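We call the chains A, B and C, going by the order they appear; numbering starts again at 1 in every chain.
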Amino acid sequence: MVITHIKKEIEMEFSAQQIADFLKGSVDGNPDVKVHDFSKIEEGKPGTLTFLANPKYEHHIYKTKASLVLVNTDFKPSEPITATLVRVENAYASLAMLLKLVDQSKERKIGINELAFISEKATVGEDVYIGAFAFIGEGARIGNNCQIYPHVYIGDNVTIGDNCIIYPQVTIYHDCKVGDTCIFHAGSVIGSDGFGFAPMGERYDKIPQLGNVMIENDVELGANTTVDRAVMGSTIIHQGTKLDNLVQIAHNVEVGENTVMAAQVGIAGSTKIGNHCMFGGQVGLAGHIQIGNNVNLGGQAGVGHSVKDGQSLWGSPAFDVRKFKRSTIVFGKLPEMYREINQLRRELDKIKKEFNKE
Amino acid sequence: MVITHIKKEIEMEFSAQQIADFLKGSVDGNPDVKVHDFSKIEEGKPGTLTFLANPKYEHHIYKTKASLVLVNTDFKPSEPITATLVRVENAYASLAMLLKLVDQSKERKIGINELAFISEKATVGEDVYIGAFAFIGEGARIGNNCQIYPHVYIGDNVTIGDNCIIYPQVTIYHDCKVGDTCIFHAGSVIGSDGFGFAPMGERYDKIPQLGNVMIENDVELGANTTVDRAVMGSTIIHQGTKLDNLVQIAHNVEVGENTVMAAQVGIAGSTKIGNHCMFGGQVGLAGHIQIGNNVNLGGQAGVGHSVKDGQSLWGSPAFDVRKFKRSTIVFGKLPEMYREINQLRRELDKIKKEFNKE
Amino acid sequence: MVITHIKKEIEMEFSAQQIADFLKGSVDGNPDVKVHDFSKIEEGKPGTLTFLANPKYEHHIYKTKASLVLVNTDFKPSEPITATLVRVENAYASLAMLLKLVDQSKERKIGINELAFISEKATVGEDVYIGAFAFIGEGARIGNNCQIYPHVYIGDNVTIGDNCIIYPQVTIYHDCKVGDTCIFHAGSVIGSDGFGFAPMGERYDKIPQLGNVMIENDVELGANTTVDRAVMGSTIIHQGTKLDNLVQIAHNVEVGENTVMAAQVGIAGSTKIGNHCMFGGQVGLAGHIQIGNNVNLGGQAGVGHSVKDGQSLWGSPAFDVRKFKRSTIVFGKLPEMYREINQLRRELDKIKKEFNKE
């Protein structure tokens, strides 16, 4: 079967006023200036739109060559600006809306490549794309509007909801369940065996991992991220959670809703994590602990104990982020502290000696 | 050729007495209660078997709805328990035995998919499964009873022993050697070039990596784990060693027998590691060092020097685990120590001044 | 089409004198001794050539059974040596030259396997190898002499220069640009979406990542390394840079020329890194910072602020490497320092009391 492309062309030139109207913002400058592309504020070219959300980048706005800049309503320039401004409540979220509009206008593949392998016992929904060399196993169910790229492996009895995008080289082992509108980036692995071994004298005896992985709606997994199947029951990732690249989720872990983890985070077995948490890159969590809701962990934090709702931790081993920062500053002074303690000791001993002499 | 399934059905309902007999344990409660599935102790349902090995979970046993709980012989309940107990020497190992029994009863694929590519100069053993889109290169040898999943790449002149399971998207580069009963999870890479470059003025000149990787019997590699080939000679993983997901083993490393490494550990080039070591997640080892037998490293430990047999280290840079824990506690008190030293200094200077005045 | 092999056989036995002549070095010992293979100095066999570059391995040279050892011109043996020496300016670089010679003599595959999928709208150069199950998308351009291994995915409109080697299971997303003589190891991912989400009440809204990745000439990416595409514009890796396995490069990062990063390093979004930097394993960098040229970072360093040219940092959070080492030594003495401060306090209070009594 031939792969076709559905391309919804949209007009790609807009005036400042049209953009302000679309975003429910206001124009500050020439409302007729037109843009046809995006640019970064430090590299902006005429005819492009850029944005200012992070105050760190404010100095670029006074020099940018971009024609239009999205800014927050409360932005007060400290120098003259050449570009037209569109003031919106949230410049970053407004940018996201515009990017989405452009993204949705792009072509989308549809159809099943004749070089894909689809088991006769698999069920495939409507309007899907299944690329060459994709493998869909027995009893697997793929929902509507899914995009399964080349070289994806979907094991036996896997179910995948609607509107999912599964990029090349993803492996989903047998029996795993995936909700709607999930995105799995290239090389991610779902349902590999948990790391479970029972010591038997000198050797380790493998504990079969008979559970699965359940991923709810609207979850995104980064490239080469791994999520192990449970020894029994399920490893669970709840809806709206986003994991960056090279993250490791061990067996029987449960990650709450709308939690985000930056790249290379590792979560050990059976740990439970709440909703709306934010973990920096390379964070490590021990197994069998409970992390509450709204917990923030700084990059490279190492957490060995359960953490209550709303806490912010840093360090390895991690503790309160403000206290860690203070200890860290003093850490750099340790050699002088050590010398000073020795000096105090010498002086005090001298005084004691003299004092006793009297 | 058609892929067939070998399914060895086993009776899946057992009484407490049958299970106790099989495990050489004893029943404490109703010997006739029947189970047909496994469950986690905190989620246990009637008709299921669970286990208690980690004392941390003891409070669940007094509320579990599971019908049967495997416990260690010396377990003494502190409250009444509804479930029937089966007392065994090692609850975890007994659970593993039961899980294995169930696992072995599951179907196993056999046969070579007609969409696989197998070089005419490759040798394939008996009773193998080779999935669609698997690639077996020239001169490669695959032993008996191996399961090679779709999208596996086995390079030229690779040899693989009997009873290995190689999951999708695994790459084994040319000339590598693999023993019997190994399991390689999805996306793992064996035999990629070691990271070797000679500085040549401004540039780096690649040092060809002409060695290979040798993996002995009974080794398990986690998903997306990488093992680089040696510059000359072999990178070696000895028998019974288990590596979790996203682990990095650099060129010319040698890992001893029955050593276990949790996820995201990284071992730099030419380092040698002994037998029966246990490394926590995200541990990093420098290159060209020697780690003895029975060495334990805590999560995120960073080790830059050789370590003798039997040591337990933690921290980055790592040292004796008990000492590290003590230093860590004091680390949190650094700001108050700093203030106290300054206060001592002021008071001592005042005393010295007054003392000299007299 | 049939895959052919181009094999350029070279004579593989050389005398010490021939090797010295080739390397512009001098013979110290029997110039007629012959070698036909390489070996490690600690495992050297008769008839093999080995090298001594790292002084740590010097003790092996007095016992090695290798027939020939490359050493630096200034090497002064402290004991008698049986092997013949070839003295060269840089033993490691000379070894690299010899290994390269052997490597180039090995066969190279050429031809396009009939099981590859190549879009009719793709352009493929001359003398390429494209393996079975490789996928080349619409509008993609592959340069001359490239080797595209089985299971590689090259997305629509990707361009790849000449003489590149792309190993199995690599994914290159649409629109990415790759220069000449690059090497991408198995499982590496180029162009996956950057990790960008705008908070929308309880949920996160995906920010489409509309940019791409640009990789200049002579870049090597390790196995399972990931490089995300930019939100707009490009994530850039400049020429000559080498990344080891499992490295993470986030969206809009720019890495300078001839920079090397060891395994498992992670760079967060929009950070810019200079030329000739060296990062140890598991280093983590925050987003939106600037790292100068010639910056060295020790293994597991965590860097949250911009760093000037030529600095060497270690620790998490990282600071000057010499200061970090000194603080680290004192860190191990924290418990005794804490006790000593308390002791000083007690003694001082006692003196004050007695002093005031008088």
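As a working rule, a residue touches a chain if its C-beta (ideal position, glycine included) is under 8 Å from a C-beta of that chain, and two chains touch if they have at least 3 such contacts.
Everything numeric here is computed off the predicted structure, so don't read it as measured data.
Remark: rotation between chain B and chain C after Cα superposition is 120° (nearest 5). Interface of chain A with chain B: the two copies contact each other largely through different residue positions, with under half of all numbers used appearing on both sides. With centres defined as mean CA coordinates, chain B is found 25 Å away from chain A. Contacts with at least two other chains are made by residues 133, 151, 169, 187, 224, 246, 264, 282, 300, 316, 331, 333-334, 337, 341, 344, 348, 351, 355 of chain C. Listing the residues of chain B that touch chain A in their complex gives 38-40, 43, 54, 56, 90, 92-93, 95-96, 99-100, 102-103, 113, 115, 131-133, 149-151, 167-169, 183, 185-187, 218, 220, 222-224, 240, 242, 244-246, 257-258, 260, 262-264, 276, 281-282, 299-300, 316, 328, 331-335, 337-338, 341, 344-345, 348, 351-352, 355.
Against chain A, in their complex, chain C makes its touches with residues 117, 133, 135, 151, 153, 169, 171, 173, 187, 189, 192-193, 195, 197-200, 202-208, 210, 224, 226, 228, 231-233, 246, 248, 250, 252, 264, 266, 268, 282, 284, 286, 288, 300, 302, 304, 316-317, 319, 323, 326-327, 329-331, 333-334, 337, 340-341, 344, 347-348, 351, 354-355.
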